[in-house]
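Letters A, B, C and D mark the chains in the order given here, with residues in each chain numbered from 1 onward.
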Amino acid sequence: MRRLFPILVIFTGVLLSYAMSIALLPVVHIGGITLIGAPTEQTMGSVQRIFYYHVPSAWTAFILFFINLGASVYYLIKRCATADIVALVTAEVGVVFCTVVLVTGPIWARPVWGIWWTWDMRLTSTLVLWLIYVSYLFLRKFSSSGQTPLLAAALAVLGALCVPFVYFSIWFFRTQHPQPVMGGGGSIDPRMLHVLLVNWLAFSCFAFLVCWSRFRLEKVQREVDEAHAMRSLLDDPSAAARSMR
Amino acid sequence: MSSNPYLFAAYAATWVIHIIYLATIRRRYARLKREIEELKK
Amino acid sequence: MSGAAEGQKGAKQGVARGITRATLLKDLRLEWRSKDAINSMLFFSLLVVVVFSFSFDPSAEESRQIAGGLIWVAFLFAAVVALNQTWARELRNQVLDAYRVSPAPPNSLFMAKVLGNFIFVAVLEALMTPLFIIFYRLRAIGPAWQLLLVAAFGTWALVVNGTFFAAMSIRTRSREIMLPLLLFPISIPAILAMVQATAGILTGEYSARFWIVLLATYDLVFTTGCLLLFETVLNAE
Amino acid sequence: MTDNAPVITVHNLIKQFGRFAALRGVTAEFAGGKFYAILGDNGAGKTTLLRTLAGLNEPSSGQVEILGSRRFREICREVGYMAHPSLLYDEMSGVENLAYFAQLYGIEAPGRGAEVIAAVGLDATLTRPVGQYSQGMRQRMSLARALLNDPKILLLDEPFSNVDLRSAREMVRLLAGLKDQGKTIFVVTHQASLLEGAVDEFVWMAAGKIVGRTRELTPPEPVA
């Protein structure tokens, strides 16, 4: 498994650079065949290309949060330490990707809608999602008991229960108060969809790599903690016994 | 490559965020390594 | 055979309910003697009312638009004061341990605490609402009776999650700060629903039915979730 | 006296708090109907052992078996636990406190609270809140709470701390009487001399382990 890591790194690197180039470069035609790039959107211009890492980041974050829920439920049932590490790691990396979404969103909104932030349905619900998982990370950081995994898993389940309510309420809230709507709608250019999917794949691979190294880190960290505890188990108690006299 | 500043800003922001996170992981790895060295003594 | 099993189950539920009642009465008695929570809550929300009145002109038209948010934010912050008190009372002299070594079911304790907090916050709302009405010259244009539903479901939503997360935050460092950090993000849909429903009823511009149904569903889902997870949280030392 | 089959068996009990191991492999058997005193320095793991026996700490590894059961909830009616803090509500009187805890155990007899209060030598008609009790009275009330469900096993953490000598002697007499009724009693204490004569066995703990068990109040030879 560990030998696979460098191969995966190279694979992800190549995929990411390919994905980025087709996302950023305009179409290059040679002999009538599309070699590289996505067409420039007509109304928004090249700003629309922000979407190629905004949207895949969002999808990746959602997948990570979903895995977090699965791992948390598994932990609550089986009390398996690995599941807890998976939950921690996916939440952390998920928050990073979610941050990317929240930062690139306004940068896109500014030239297109003329405002940095709008309480639009998607932005708002992503923000709430981000808040929920940041509070999850806070709990993990501040929990003093040895039972942090249990508390965190319980919070993850309640947080996930909350997600449908977030979407539903904000969706209804927004349909009540009209706001700037996303441009166009309707069908998407297949070449754009292709770029979007390739980017999504690349970002997923990247997220997987980050999760992996974070997972290794956490695992070794816990082994070190365990070693410390074992050492204190092995310490000679006679010194303490002598001091008792 | 487009010269649109917003596109560039979003692109830069994405990777800055990822790199900051990767840097924290790296730092934690370094600290862990020191700790393992200490433990071996 | 199954009838006997069912009878046993019924008896068990009866015992659980009895313990809930005993714990609730005990909490009410303790609160009655010290009045810590209710006094600080009342004063706190009074402060919010006054402070907010400086931030905008509390004339009838404008205030009707904002009042929904204002009222619920005041109650939310005041509720946090009470929620922190709930478990602080059990931690003094570690009385919670006495509960944990007893055969009493954990969920009875949880329900008692939720009901207790519901009563405290409801009392607060009953006392503060007239003040809001006077200070901000409020008058409901929509169906006013729906406000009762909103208040009941909304308070329950705050209190059920609040009690749960307060129990969670006593297991953390800096527990008083932890509660709002955990409670607020998850309560956002409920708060949104309460605020929107209240604004809808006060202005009469739209129906609050959707929001009330949403709140009821939210209550149901989170009450179930908290009951399923409470034992885990209580026993995490 | 009573049967001396082990009522508590502890096997290789380890309890870690993060990087610190409070219990480091405790293995022991305790017979029924005896009076044990657990002695040792601060941080030797006495309180952790008691809390683990009372089901308040989940052991990191190892097993605790009480009255043949490994699940504490099954036998929690047979165990009385008294902690260092009083486990009582300061704002309520002793009788009110006990009335509440009796309900948790499903005890319906209305006089039970007054009965145990009298048993520990306090006045059941006192209406003062517990918060205004003297330390000695509070400790006794706390003991009364532990006795409420008429447990077979009593786990007492520092019952004599801050109690004046005379009251402490009275409490020891009371505990000896309870032992004669067939109860198994564990007392964690710093004031071992108080217990001389009453105790069947002294259990010495150091650095998270049991380092010796003696009949007399003489520390065991340190393990070389």
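Remarks
Everything below uses one rule, namely that contacts are C-beta pairs under 8 Å (C-beta built on N, C-alpha and C of every residue); 3 or more make two chains touch, one makes a residue touch a chain.
The structure presented is a predicted model; accordingly, all values stated were derived computationally and were not measured.
Comparing per-chain C-alpha centres with the mean over every protein C-alpha atom, the closest match is chain C. One inter-chain figure worth recording: chain A and chain B are separated by 15 Å, centre to centre, where each centre is the mean of the chain's CA atoms.
Centre-to-centre separation between chain C and chain D, using Cα means, comes to 38 Å. As a whole-number value, the distance joining the C-alpha centres of chain B and chain D reads 53 Å. Centroids built from CA atoms put chain C at 32 Å from chain A. Shown for chain D are the residues that touch two or more other chains, namely 58. Touching two or more other chains at once are residues 146-147, 228 of chain A. Applying the touch definition to every pair of chains gives A-B, A-C, A-D, C-D. Against chain D, in their complex, chain C makes its touches with residues 15, 18-19, 22-23, 26, 29-30, 33-34, 89, 92-95, 97-104, 235, 237. Residue ranges on chain A touching chain C, taken from their complex, read 76, 128, 131-132, 134-135, 138-139, 142-147, 150-151, 154-155, 157-159, 161-162, 165-166, 168-170, 172-173, 176. Interface residues of chain D, counted against chain C in their complex, comprise 54-58, 73, 76-77, 79, 81, 83, 85-92, 96, 100-101, 103-106, 129, 145, 149.
Chain C contributes residues 161, 164, 168, 171-174, 178, 181-182, 184-186, 188-190, 192-193, 196, 206, 210-211, 214, 217-218, 221-222, 225-226, 229, 232-233, 236-237 to its touches with chain A in the complex. Here chain A touches chain B in the complex through residues 24-26, 40, 45-47, 49-50, 53-54, 57, 93, 96, 99-100, 103-104, 107-108, 110-111, 206, 210, 213-214, 217, 220-221, 224, 227-228, 231, going by the rule given at the top.
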